[in-house]
């Protein structure tokens, strides 16, 4: 189901690369020596038990936290320690576990904030935001305050903000958290459509392994701050260490 | 167009009515003039803390320095207050630049505390260099020296400035900058991750706020006749601005004016009717504040406009507020961060 | 438009005149009834009320057919802003003259309101700027701060000579307020040298912020001043004095200037033992032969009659005298009468050391003498000027003060 | 010699600032509640001690436990009527409400006790222990002892008792604590009462060496925030250290610089710390998350 007809992953352009990325807090190493490469159009699932350092790693990449060691290279540019907004303007966007960052903004305004990455002009940003919302079938919700949306709608607005900003590499942190199984399916279809239409490179940070397996062709598994497996979903899913470390019971259940 | 400026137009109407009332007697004129000055001060705080988020208690610094410069230049070198204002504004902006660059990196309470100390430091320095009380020289009715018998003229000046501030705020709401401000207030980290250069925009808001505070301090120095550091650098000055906006409605165009219309006359009222016993007036004042703190979370302005929505907010029992979405609370940034550190903590 | 209308109305309610004899002559009292200076307001109101009652009991203002006098009291609150508001309220009630506030910053503001509205105003404030702004309607009954230092330094010397001792070494401990700092400055620049005093220690304290008096006491121990001059907040004085006692020293006597060191608050804070022997300088005070008035103050509930009561008592009589001579309720006429004031003796002049009140062209009192009051036990005794003293000053041996 | 005396006095003065900061520390760290009225609770305690002393003439340190008990009651009451409703309402509501509370306490004091400064006289408050050329004021010395005891007790309570575990758990993550079956609102209540009790201790000790008037509380306003921030959020030893540091800075600056500047120097130090070492003297590095995003 993923980007068919495009050249094999290995030949595609490298979007993001981390070299020995790590972060210490006082004594402890929350993330250590993470070196991964993400290529154009890939759909990567970043998995790991609670507290494996997934979010911290994401924060290091997206600039929320400054790394204490290692490098982040985005489209060939060394962006280690850049601020999130700088990376955002370079096409790297993220969502937070927090479902609803801007509760008292209207849906349109919330999306416009992202749209300003493309244009400084308010009307242009507004129309870009409208398009994005229409694309997600939220056109009728433009004037609604975020806090009055359903969980699914909130998450769709998050996606709309990314679309409107024209970002092409997105880190989605627990996008599926708090959704009912059927909702998960629907949202993933939406995401799949977006990814295809806007040729997004997607990294899903998730606990729900089953869902991730249906969407991602590649898995990166972290544990205790380090990458313990990285490769095609099917292989990684059957990798012994991973199964023991994390997937085991859950995976069998889902399969 | 009209939609954008409907609020400021209402405000201007209110200001005109105030002028008519101020014309009835000198004490009425003094009251409306003071109200306008504080509304102006509040507009500044509203931009920093009502729109962009960081809660500043340092506004007295800019209020005071302009009052100081205007008065001292006039008293010592006979410089007209108009020039004094320009010098005051320049110095305020420089000061705001320094303070902003240092303190805006702090978040939440820490920023508030840092800003709280600035005016106290300035008060000490001012006294240290020998300025305890400087009377604004008296030259009688003189346009050249911005001096008029009767406070009504000062009211007119202050009212024009307030009108300007209201129009500016309304215009701001529509712009990208204004939207960025609100995004930062709602959730600084999410705003940053949505491409908002949060520090730069908080800094801009801080500078804007300092300008309004300077203007307010300038008019105030003419209304109170005498500069005294203990007075203009008093934490109460900053707190007053905060209270007015919180009562009027933070992040709304008319909030500062509405708040000032309540708070300042209230102060005057309590001073007149509760002066039998020392402290009784401020006690009454405090009790009203307490009521406000509990009763209306969004301030008075929304109560007047979108009464229904505020009602809905109030009807929600405190306990039921969604804890899972920290963005709802005012210190979302911190809570978000707290989550991270918790996450880090777990990954040990 | 609004401006012109306002100007008209302001002008309209500006000048008051006419009225029949039964209508009371209103006098504004803008004083601090609340906030940190509430004590001064209380004392001034007591003094004024006593005077008003006496005047009315004696048949009011003769030249206006026995019209009674009436106080219009407004609260100047805690800051200049509210003082201005209070003055405006008072002046919009048809007063013919006024008094207040006594606290320099507020007085500077209130007197300007009075000047703009053409209402004659009496204040006991020492602040130089009060009478240096070319105002026509403002009259100050106390000496200027800038001259006062000279006056009380001279007074101290006279008193000491009485005891056959001589002052050579003094220390300055000055709080950060207008009066104190300018007094300290003058001592440094001029008067100390002029009277052969050597300033052996010189400390400036941010009022009430003194955490620990040891550093100062250490300096006292090291430099052994014979007197400590000027003074700061009561809390600071308390700490410094108590700390000396703590370290087994005989506390160096204070000569305090510029804050209310003559109230019950002072003795309450320091304790009778520590306060004993302390001098406070004032511009007015109860003198020998004024026991009756002093008693009236005590009956009004204030055990320590002092300059705030007496100065305000006097200013009511000064206004009364002016209205009598003006034979009118017109503030302008009363202003001119006040400017021409020259009273010797009687209730208007007796509270002042010179027993005479005149104003120079700037509106400042002409006859300027400092008063020295000393705490003897928990009683205050006026000890200077000598000819009107209530009692003799008590001096410790002014020599070696270290233990 | 002078330096030694100065350091000594700094210690004596600072010990009580430590307790002041400790109370604030608990409210900030555990409840995340912005209390601008903490200094005014100290004021309240000072007047309480004064009142009891005027009534009984008993030794202030015998009165201390009584003051503490009364303050505990006050704390309980405030928790019910003020803190619980305000906690979920966020910083802004807390600021207005506690500022209002501060004004109420101050003006009640003004109405009841008048603006005059009042103080307690005791035989030992102004006698000193002499060690060679050094003087140790008995009043302050006892203050030091009391502070030491208070710190030890608080540390033991937080680190060594089940209640302490609950408090720490709640301060880490309220939700999680709730899941673990901790009655967090009760813990909040206890924490707040504890902070008010500490304010009571400060008041009862401070009145002995310093007169009180209604405006005294504002001089605590900054210090009460400075100390916990300087010490590092959540660090009890850090708070003690910070208190002493502030005291020493005050005394040294008044010994060697202008006394007028002593508080300003503390403020400047405070701002510098906020910017340069936001986690404070002994704060954990992860705390910086709460400061720099």
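Labels A, B, C and D are assigned to the chains in the order they are written; within every chain, residues are numbered from 1.
The criterion applied here is as follows: contacts are C-beta pairs under 8 Å (C-beta built on N, C-alpha and C of every residue); 3 or more make two chains touch, one makes a residue touch a chain.
In this text the structure is predicted, and so the values were computed from the model without any measurement.
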Busiest interface, judged by C-beta pairs in contact, is B-D
Greatest separation from subunit C - chain, by CA centre | A
So, what's the distance in Å between the C-alpha centres of subunit D and subunit A?
-> 46
Centre distance in Å when subunit A and subunit C are each reduced to the mean of their C-alpha atoms = 75
Roughly how many whole angstrom separate the Cα centroids of subunit B and subunit C?
-> 37
Taking each chain's mean CA coordinate, subunit B and subunit D are separated, in whole Å, by 30
Residues of subunit B that touch two or more other chains: which are they?
-> 124, 127-128, 189, 192, 277-280, 282, 336, 340-341, 344
Within subunit C, the set of residues that touch 2 or more other chains is 34-35, 38, 176, 206
Where subunit D touches two or more other chains at once, the residues are 110, 114-115, 214, 258, 260-261, 263, 286, 293
Sort out for me which residues of subunit C touch subunit D in the complex.
-> 34-39, 176, 203-206, 208-212, 214-216, 218, 233-235, 238-239, 242-243, 245-248, 263-265, 268-269, 271
Could you pull out which subunit B residues touch subunit C in their complex?
-> 16, 19-20, 22-27, 29-31, 34, 124, 127-128, 130, 132-133, 135, 137-138, 149-153, 156, 220, 223-226, 228, 231, 234, 267-268, 271-272, 275-282
Can you check the complex and tell me which residues of subunit C touch subunit B?
-> 2-3, 5-7, 9-10, 13-14, 33-35, 38, 74-75, 77, 79-82, 84-86, 88-89, 91-92, 104-105, 108-109, 112-113, 115-117, 127, 129, 133-135, 176-178, 181, 206
Going by the contact rule at the top, pick out the subunit D residues touching subunit B in the complex.
-> 28, 34, 84-97, 99-104, 106-111, 114-115, 172-175, 214, 218, 221-222, 225, 229, 258, 260-261, 263-264, 267-268, 270-271, 274-275, 278, 286-287, 289-293
Subunit A-facing residues of subunit B, complex | 174-176, 179-180, 182-183, 186-187, 189-198, 324-328, 332, 336, 339-341, 343-344, 346-348
